[in-house]
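Sharing a structure, written as structure tokens. Questions coming.
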Amino acid sequence: MRAPDAPGERVISTVLDPAVLTPLVVHTEAWINFDVGLLIDRFWANTINGLAYGSIYALVALGYTLVYGVLQLINFAHSEIFVIGVFGVYLTFLGLGFEPGALPNLPLAAIILDLILAGIVAMVVAGIAAVGLERVAYRPLRRRNAPRLAFLITAIGASFAIQQVIRIVRGSNPEGTIRLLPPSPVFTIFGAPVTNLQIVIILASIAMFVVADQFVNRSRLGRGIRAVAQDPATATLMGVNRERVIMITFLVGGVLAGVAALFYLMTIPQGAVYNGGFLLGIKAFTAAVLGGIGNLRGALLGGLILGVAENYGQSLFGGDWRDVVAFVLLVLVLMFRPTGILGESLARSRA
Amino acid sequence: MTDTKRSEAGPSVRARFAAVSHWWNGQSRPVQWAYMVPVVLFLLALPVLNPPIITTEPYTDFPISLFNAAVFALIAIGLNVVIGQAGLLDLGYVGFFAIGAYTAALLSSPDSELGVRYPWLVIVPIAMVVTMISGVILGTPTLRLRGDYLAIVTLGFGEIVRLLADNVDPLRGNRGFQNIARPGGEFPDGTPIFSQTDALGFYWLAVIIIVIVLLFMGNLERSRVGRAWIAVREDEDAAELSGVPTYRFKIWAFAIGAAVGGLSGTLFAAQVGYVNNQRFDVTTSILYLAAVVLGGQGNKVGVIVGAFLVSYIPDRFQFEPQYRFLVFGIALIVLMIFRPQGLLGMRQHLLTYGRQAYRKLFGAGAAVAPSGLSASSRARGDLPETTPDDHAGTSPRGGGE
Amino acid sequence: MSMLELEDVHVAYGRIQALRGISLRVEEGQIVALIGANGAGKTTTMKAISGILGLQSGTMRFEGEDLTAIRADLRVAKGISQVPEGRGIFPGMTVAENIDMGAYLRSDRRSPEFAADLERVYELFPRLAERRSQAGGTLSGGEQQMLAMGRALMARPRLLLLDEPSMGLAPQFIAQIFRVIEEINAQGTTVLLVEQNATQALGLAHEAYVMETGEVTRSGTGAELLADPTIQDAYLGVS
Amino acid sequence: MSAGDDVQRSATPVGATHESTSTSLDVPPSEEGILESLEHMGAAERAEHDAAVSASVAPARDFAVAQGETLLAVDGLTVRFGGLTALDDVSFDVRRGEILGLIGPNGAGKTTCFNIMTGVYRPTSGDVLLEGRSLARMKRYRIIQAGVARTFQNIRLFGAMTALENVVVGTDARHRTSVPGALLRLPRHRREERDAVEKAMALLEFVGIADRAADKATALPYGYQRRLEIARALATEPKLLCLDEPAAGFSASEKDALSELILKIRDDGYTVVIVEHDMRVVLGVTDRLVVLDFGRKIADGLPDEVRRDPAVISAYLGGAVEDAPAGAGEEDA
């Protein structure tokens, strides 16, 4: 049914005519499919994939959650810290002489060493960038006792600025694909293959998480971080230097983002692009909120849940809906549990 | 030496500015509008005059550039309700703009599967209602959340709208909609007033719409509604405990902001005549935010200036788009550190009748709270001498009507 | 030289002038009490001494050293520990972790002195020993007060600032807390005490200051003030 | 209607005296208003003007209902936060037309009690009844509309607004205009706006800070800010006004002036609950005292009785009744 070309020939009364709206309803079935079969078929593959990708979310989410716990600030620019890490990894690869497209012909030990080197570079640059961001953007605001909205807007501005600097330096096209370690199945679970990459990522992420968790819960500095998160004034009375704690928090978050960057680029070798952090950052933040922001274990749990849920959603609704699933999940969780699954903050539940 | 000079110049400039703004605030609303008439007329004439230096040609067609700036200004006015007045950080505002544009497309493009071709004037109210409803739908679950969660959820909303435009077949993704309805009417010589190639008519329309929207916004600001928004922004708990139904007024802020966003979307869609999924990413939302914050949240004139800068400067100086984003990102950081209130500070018009009240109490000069001045020069008659004798005795009661 | 000397100290919160030029001194080994109504500026004085609030003007010396030049967190290292109003327990940490926070700046964790200090805290407050692994937030008000005091003692303070230690406590706890304050003082720690419970505080204090709207209006020995009828009327005469 | 008209008709008495107001429960704010009467005011007109002010200030007074009957009943209120019991089965009544003092040591639960009465917290068990209506589950702004207003221990004003505008926000609690009315400036909206400003001005004058009506709230001196908070609370036309430590930070003379104001508020027909530490203020204004200690009510009665109560003495003096200074109880404040 095509309408006549001249505008205005239809009268207004048809606006409310249900018949007009029918096509939309009919098409609902066409553009959303519920492929339950695929969901069941790919259940285990999705789960394993989701856990691996979710670990990357979790590592980035730790950065959001640490900063939020200490400063009650959504560090929007954390996603760009992550991207800086990604470029750190990529440029290290280039520096080590790897070419986009070509598979390296090196012994496994050399490749692993190169990966570790790239990871260290990423951790260093991301860590420095995070601390620098804190110094340049947030510290002046703290000095001036700025309102929270000012922090948030600054964070957005910083995110924007870093993104654009990368774009101006490296261009807006994604970098070439450099894959050092091609995924190969090691064993299967319920018929779903588990690759070497996934094993490395999941295990290493959990190891990083345990280190971070122990650092915050057991070390002296970690206690300082928790004390500032729970009660900054009293923490000062105990002799905790708040500025130093804040710096360390940003540093730890940046370092973890650097690790995440390495795993990300190992999983998605074509992922080095200036705005690649945006969506991942939002989802990592979503993960942190899901688990309960400010809560380290919540970040891990939220990351894994989000990674898995996205994969299920992708099978169920189709690949285009993957990102929508994440956001809808966030809204739903916040509606029913406004402080996330494990509750909020380093303060109330044990970090 | 230079230092002393600066310190002498600084206050005097500031004082002069304060005096002007004080005088301006002292005028009754009709008088203010009377002064605005020539300004508006000048703005309307601007594309015809096409003055050198100001013009963006030859890079960009001047009327088109002005039209884009006007749409940007309209968006900023709408977003200002949400961010500036009610203090709610909405990062998904582009979603409402998109919904407005798509509503226009679906209801008038031959590509639409709805198969209707409503005229533009019919589309506008429908689009505003649709966006208003989507504002309420977004706000109902999220406005109970704390401020920073709201930011992230609205960001998610903006993304969802874009993803829907990408993925929902009837919204035609990248292919988009052609031939979206535009207002009718012809110049005496037979050429259409509103056309895709000549944005003059659309620019005029946009300016008139802005004037109308400003009038309505002024009404809201000077009412219980505006007071409720500012109370929510200042101290939500205290507002609630002073009897303000905060949640309801936050929803209203969202709905009204959304409606203006939808209106600007229809205006944009009509001029371009074409809508696809390419213009509605979150980056654009951040540009809107930049416009509002840059000009001064909570100040209507400020956000218009901010929007104009964000839209016009890149056109005029032929920025590469990527530098535009970089500059605005840095501008946000610097602004928050050195001038968090924006170029023009927050200003409220809370009471119309209050204007008369102050005047009666404190004599002719003190028509309005000298919010920009220090407490020492407060309204006890010791006001700046620059304050002209105004219309205290003669202006009608409730003169803002 | 007094241990702590405040001279014409002004402090403001934004536009609100909280301290309008107060002067006071605390001699080593004494218990000094600050009494006055809510809003008189007692807590502000404490915060100024511990460094949470900056001074507008005036001088503040601790053992002859200019205190204003020292960052708040480093004043703990100088020997000033504060038990804040409302106790400031870290609710998400266990009792043991909270006590450990008191020793944040100490580097002698493995030394016998450290162990002895820890033992002393648990001796003063046996309740805390029983609840070592319980989260601080789940303790009762009295237990939290004990924890806050025990935590402060772990920093080995020479000057202990106590802000309303009896606030919100049942009588049996109040009596206990005041006994402990005397004991701590007898063991050599100087105490500056803010109290609303003026009778108890004055009974304990060697010296006392009365504050009103940001100024010191009276001072004298505890016994003097306790016997003063106007003080009785204004601060003791609830009944 | 022009301003000129108004000036000529200014200072016409409206609800000229207390008595005439008291006959009607809902006196509309005056048409002529307070503002006009401020101009060219001679000494003779002062009394009429004052009457107009109080007519505007307290339109909701209901003298028709007997004073002394229960206005608010706190019934078995218990509040727990985690492991802490802030209030433990507290019951007391607030009677119409009285000033009730809620006293006790810091942390005794007074502010918690206030917070329950105004809906900031929800009780673990028990209820608060205003004229028989339960407030425990009511939305906060509904509680205000039901007739309970409060001030805050740490002043919470809307800093971006002028003093007058702060008070007008309070009057909005009784306004019915919403967005459509404001958008189109419908007659009811215009009337409400005008009345609101009139009433707010009257209230500022009532609490004695009308000279600073046009100043930003944050620019006011501390004492003015406290009074402004009281004016804002009164603007919601409460039946019960809750004052949370109104004298904190006041000098002796300021305290006396505040006591006078509180008495004036009571005399204008409001019921007042006051939490205060300063005994001079408490004993100077209250009709009755409720004493809380450790979350429990330990005494309830006339100030003179309460101050001799051994339980109260012991709560304040730490169990050492015999230490209580002799004569402290004889002295009158």
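Before moving on, here are some points about what is shown:
Letters A, B, C and D name the chains as they come in the text, with residue numbers starting at 1 for each one.
Heads up, the rule we're going with is that contacts are C-beta pairs under 8 Å (C-beta built on N, C-alpha and C of every residue); 3 or more make two chains touch, one makes a residue touch a chain.
Predicted, not measured: the structure shown is a model, and the values here were computed from it.
Traced through touching neighbours, the fewest hops from chain B to chain D number 1. Set against one another, A-C and C-D show the most C-beta pairs in contact at C-D.
When each chain is reduced to the average of its Cα atoms, B sits farthest from chain C. Chain B has the Cα centre that lies closest to the mean of all protein Cα atoms in view. In terms of their C-alpha centroids, the spacing between chain A and chain C amounts to 45 Å.
Computed from the mean C-alpha positions, the centre of chain B lies at a distance of 54 Å from the centre of chain C.
Separating the CA-averaged centres of chain C and chain D is a span of 35 Å.
Along chain D, residues 219 each make contact with two or more other chains.
In chain A, no position touches at least two other chains. Contacts with at least two other chains are made by residues 91, 137 of chain C.
Taken chain by chain, the contacts form a single closed ring in which each chain touches exactly two others. Per the contact rule defined earlier, chains pair up in contact as A-B, A-C, B-D, C-D.
Residues of chain B touching chain A in their complex: 87, 89, 91, 108, 110, 113-120, 122, 126, 141-142, 144-149, 151-153, 155-157, 159-160, 163-164, 166-170, 181, 184, 282-283, 286, 289-290, 293, 322-323, 325-326, 328-333, 335-337, 340. Contact residues of chain B toward chain D in the complex are 216, 219-220, 222-228, 230-231, 233-235, 237-246, 252, 256, 346, 348, 350-354, 356-358, 360-362, 366, 368-371, 374-375, 378-380, 393-398, 401. Put simply, chain D touches chain C in their complex at residues 82-84, 103, 105-108, 218-219, 221-222, 245, 247-252, 277-280, 294, 307-309, 312-320, 323-325, 327-329, 331, 333. Partner chain A is touched in their complex by these residues of chain C: 50-52, 71-74, 76-77, 81-82, 84, 88, 90-93, 97, 100-102, 104-105, 135, 137, 151, 155. Contacts from chain C toward chain D in the complex involve residues 14-18, 37-40, 91, 137-141, 164, 166-172, 174-175, 178, 196-197, 199-200, 203, 212-214, 226, 229, 232-234, 236-239.
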